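Each of the next two complexes has chain A plus one other chain: chain B in the first, chain C in the second.
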Partner chain A sequence: MNRYIIRRLFQMVITLWVIATLTFLMMKAIPGDPFSGEKKLPEQVLKNLMSYYHLDEPIPVQYLIYMKSLLQLDLGPSIKYETRTVNTIISESFPVSAQLGTQALILAVVTGLLLGVVAALRHNRLIDYGAMFFAVLGISVPSFVLAPLMQKYLAVEWELFPVATWEGWEYSILPSIALAAFPLATITRLMRSSMVEVLTQDYIRTARSKGLPPYLVVFRHTIRNSILPIVTIIGPLTVGILTGSFVIEKIFSIPGIGKYFVESISNRDYPLIMGVTLFYSSLLIFVNFLVDLAYGLIDPRIQLFKKGGN
Partner chain B sequence: MEPAFNPRFQPAVRSRNASEKIKRPPAGYWKDAWRRLRKNWLAMTGLVLILLIALMSVIGPWISPYDYSEQNLRTGKNLEPSAEHWFGTDDLGRDVFVRVWEGGRISLTIGLLAALIDLCIGVIYGGIAGYRGGRTDEIMMRMVDVLWGLPYLLTVILLLVVMGPGLGTIIVALTVTGWLHMARLVRGQVLQLKEQEFVLAAVTLGAGTKRLLFKHLIPNAMGPIIIMLTLTVPQAIFAEAFLSFLGLGVQAPVASWGTMINDALITVLSGEWWRLFFPALFLSLTMLAFNAFGDGLRDALDPKMRK
Partner chain C sequence: MESLLKVSGLQVSFEMAAGEVQAVRGVSFHLNKGETLAIVGESGSGKSVTALSLVRLIPSPPGKVKSGEIIYQGKDLLKLPERELFKIRGSEIGMIFQDPISSLNPTMTVGKQIIEGIRWHQKIGVTAAKEKAVQMLTLVGIPNPEKRIAQYPHEFSGGMRQRVMIAMALACSPKMLIADEPTTALDVTIQAQIMRLMKELQKKTGTAILLITHDLGVVAETADRVAVMYGGSLVETGLVSEIFYQARHPYTWGLLASMPRMDWSKQRELQPIPGSPPDLFDPPPGCPFADRCPYAMNACHEEMPPETDVSPTHRVACWLEHPEAPSVDREKAGYKTVHVPS
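Take a look at the complex of A and B:
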């Protein structure tokens, strides 16, 4: 077990390095540069800027310079936001997205699991159809439609919630709901389908016929055996939600990290592209590692680390 | 005494070959599944709805007298639904009816193709990784991590530079990362399934890798696979809308449901409800149909659900 974890940690570093290298090459391969968007700069100014950000060096040298500062966990200065470093941009905007994301995630996981379990237990009955209709609505109404509709009715016309911006907890309710809709629906549907399948298994019949109370059959036997697909999905979902949503943050004008994933690329803000990408990938890789560990806890028959090699 | 013999009956000729013969056509797996699917009215409604929407997307633009890009800026802007314009017109005076079906062509093509490609790559990749396990699994999953970690928009822009704009590029862009979810899902399922007794039984009976994967492991993971598939279709349609929103998707005046909804969002405030309502309605109907059909298909493909 310990050896497996150490090996995985080592793999994570390698994976991250590959991602960093590929991203570096890709962003140098796309046309455009950070200074082409604004009004024409005098040649000397442009030259000085290029040399300040090492953009006049050959690409391999730029790569080595970047990697060296990366090893010291320094993500460099942002080109677009001249006064801030990438480290401060991330440390200022991520907590906002993370708070919003955590709320949305709790809402999605709790409601989704509940709806999925209830729907499966009442398979093909009214409650099941109701839950599935709700879930399909959550999937088929995109967040960029749901959010303005909620703003119009819940905020502007009925004045139940503030419309936008980020000034307190009540401001986070609408964006949390908008952010939670899709994952909620995903979890509901996966949980239902997975549980319906487990409920037909013989061991469930055994558990029932030996007189186990229904709630224990559900908690001990059914949920544990059917939650694996949810766990697989929740890993990347968590990272996606915690690192913010460009669309939701834009609609509700929330100062989160989501916009930098899009803006850094359209601005060709090279250090910021690298920074947010590496931040996102480290979270993702780590969460996928946790998911793999969770497999073994949920189903002890799964042993990822014992059967090394082939 | 004469034996009781009724001349209306003939003694049957007994032959071993004849009695072994199967008279009725055999009900194989797929036939059995289809029979179960046919009885599920919800799933069949879904299927009919999908076919109807697909049919209208094909013939809709033909039966309408308007062209999807034809503008009428002087008199035809933001008209309410009427006998001439069934679904009204948009802010450039274009007929919404014909645009909805033109958009259906693009959106359905993108959604279905992206989902299909995701399915093929994801299931096979995830299946192999999960079944082989160990070192193979680790290497394959680290490759998934890398692809997942790369900034998506950068990939799309790079693809646009290499392949040029177009529907094909968008579909490739959507599938480059689209299959990762499916692969990890299938891998997780296979990791769990392969430790179960029926797999051991199959191995004992001498089943090879291919047979185990395609006859035992993947069919047993069909539930989550189908659910994931029905989720991929709307995701691909929305992802295209998002790309169009950033100027990387289909270019105006070409319509897709996603771009139509996107362009009509301002009408939430200004009140031309039909511009948002019709594309959103058909998108939601399609999703509803796919989900109902997907659920029915899952139940039909699962022999354990036989009553």
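Take a look at the complex of A and C:
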């Protein structure tokens, strides 16, 4: 087990290094520089700035300089936000996005599983059709349509929730729902079809032949066997929630990390692009690692490492 | 002999998009305490559906029991509320199925799968139930049961899995075991082991076995009585000796003639029954076998033959039994040729 984890950690570092290198090269391939903004800077000022940020060095040298500071977990200074480092920007804005994302993910997984299970058990009945109707809506209505609609009705007209900004927990409700809609719908549909299939399996008939009542058959034999596809999709859904949060954060004026992710590119804020990309990547790599561990726990047939190996 | 289960006029249909499949069309039989009754028939003859409907385990919808009675110890299982049925399934009537690979839950240890049935029916503690499970695994001949109990189905071989299924089905000492093609998915050598095991356990526990199979070899070795099923109805029922040596239905002759024999020379070919079974979407009004029967008369195509008692234990549904029917030379028909020298 430990050996497996160490091997995976090593692979994760390699993956991150590849991502860092590719991002660095692609970023440098974008024309323009951080200072080619609207205002033309004096020649000498520009020269000083370029030299301050090591932008006048050849690209391989810049790469080595960046990698060296990365090894010390220093993501460098932001060029656009002159007074702040990339590390402070991430540590200030990420907790907000993390709270939003986690809430959305929990809401999506819990509600999605519940709806999926109910729809499967009432297969082809009214409740199933209802759940599937909302699932199709959730998948096809984009969050930038859903969010303003909720703001208009739930916040402005009926005054149930605050409209926007981030000043307390109640402010996080609407954005969490808006962010959760797509993954929730996806999980509902997937759980339903997975469970409908499992319900026709021979071992379900065996469980019933033992005289177990329906609730035990469902809890002990059906749900665990149906959940594997959901675990698989949690990885990609997390990506969706992370990147999707940019739109939601913008609509609800939430001071999260999404804004920096997108704006850093148009600003050519090189250290910020690198920093946020690497941060997101590590997060995703880690989520995938957790998903793989979860497989082994849920389905004993999936063996991640040899038992008794040392 | 005291009868344990009595089925009369059982009709089961499946409502499909294309129409109604009449899988079982009025089947009547009984099972005595401690005996083995084999229901034989080819694929699609309705034998598995009959077995599953006894404890109402056919997938529903689309499956539906249209009419009939299933009297188990004075209670009609078809009229019993679901709740009562949960007490009978597993504790009074155990079941084992064809494919032991897919019939065990892959994500649960075999121990837990045996224990959950025991605990549900007997309301005993985990330790006691576990002890019972180890006992059952020992009984069905699984070596190292204390260790094996914590393993998952994929860590067992096919034959061992079927032993686990048997242990599970017998854990609550049921009075009746429904075995739905228990050896079909196994190697021939393992088949013999499993059948011998079931026979031994039956001697020890006195459980009645309803054996569903298409393997006449298995039937000859294990059954006391045989019911031959064709096209959703029983065409002939009798003691093993009556079916093998004095069969009266042309379909039974056909079945016996298509079985390979040790004492036949290599040149002798097996005789298949020409034609194919009736379409159960639209079953013929007469005898289901009439289209393939070399002795078919007009009456056979028009009306279902009544059941005739040839002996107190032997019953056949065939128009040839009618007093006005032409006599068929059973010597020539071939049943004698399958006589097994004992």
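Methods note: the second predicted complex is superposed on the first by the 298 of 310 C-alpha atoms of A that agree within 3 Å, B and C clash if a C-alpha of one lies under 4 Å from a C-alpha of the other, contacts with A are read in each partner's own complex, and residues count from 1 in each chain.
The rule is simple: contacts are C-beta pairs under 8 Å (C-beta built on N, C-alpha and C of every residue); 3 or more make two chains touch, one makes a residue touch a chain.
Since the model is a prediction, treat every value here as computed from it, not as a measurement.
S.K.: Clash or fit: chain B and chain C on chain A?
M.R.: Superposition result for chain B and chain C: fit.
S.K.: Regarding the shared-chain residue A:I285, is it in contact with chain B (first), chain C (second), both, or neither?
M.R.: Once the two structures are laid over each other on A, A:I285 reaches chain B alone.
S.K.: Now for A:S36: first (chain B), second (chain C), both, or neither, which partner does it touch?
M.R.: The answer is neither, since A:S36 touches no partner chain.
S.K.: Once the two structures are placed together by chain A, how many degrees is the angle at chain A between chain B and chain C, based on Cα centres and rounded to a multiple of 10?
M.R.: Rounded to the nearest ten degrees, it is 60.
S.K.: Taking the superposition on A as described, I'd like to know which of chain B and chain C A:K210 touches: first, second, both or neither.
M.R.: second
S.K.: Between chain B and chain C, whom does A:S51 touch in the aligned arrangement: first, second, both, or neither?
M.R.: After superposition on chain A, A:S51 lies in contact with neither partner.
S.K.: Taking the superposition on A as described, I'd like to know which of chain B and chain C A:D299 touches: first, second, both or neither.
M.R.: both
S.K.: Counting touched residues of chain A, say whether chain B or chain C comes out ahead.
M.R.: Looking at chain A, the partner in contact with more of its residues is B.
S.K.: After superposition on the shared chain, which partner residues are touched by A:T23: those of chain B (first), chain C (second), both, or neither?
M.R.: first
S.K.: Could you look at A:H221 and tell me whether it touches chain B, chain C, both or neither (first, second, both, neither)?
M.R.: Once the two structures are laid over each other on A, A:H221 reaches chain C alone.
S.K.: Once both structures are overlaid on their shared chain, how near does any Cα of chain B get to a Cα of chain C? Whole angstrom is fine.
M.R.: Once the two complexes are overlaid, chain B and chain C approach no closer than 6 Å between C-alpha atoms.
S.K.: Which chain A residues come up in both lists, the one for chain B and the one for chain C?
M.R.: In chain A, residues 200, 299, 301 are touched by chain B and also by chain C.
S.K.: Using the touch rule from the top, collect the residues of chain B that touch chain A in their complex.
M.R.: Chain B reaches chain A through residues 132-138, 141-142, 145-146, 148-151, 153-155, 157-158, 161, 180-181, 184-185, 187-189, 191-192, 195-196, 223-224, 226-228, 230-231, 234, 238, 241-242, 245-246, 258, 261-262, 265, 268-269, 276, 280, 283-284, 286-288, 291, 295, 298-299, 302, 304-305.
S.K.: Residue numbers of chain A touching chain C in their complex, please.
M.R.: 200-203, 205-213, 216, 220-221, 224-225, 298-301
S.K.: Okay, in this complex, where on chain C does chain A touch?
M.R.: 55, 57, 59, 83, 85-91, 94-95, 97, 99, 102-108, 113, 116-117, 120-121, 152, 154, 165, 168-169
S.K.: What residues on chain A touch chain B, complex-wise?
M.R.: Against chain B, chain A makes touches at 11, 14-16, 18-19, 22-23, 26-27, 29-31, 132-133, 135-137, 139-142, 144-145, 148-149, 152, 186, 189-190, 193-194, 196-197, 200, 228-229, 231-233, 235-236, 247, 261-262, 265-266, 273, 276-277, 280-281, 284-285, 288, 291, 295, 299, 301-302, 304, 307-310.
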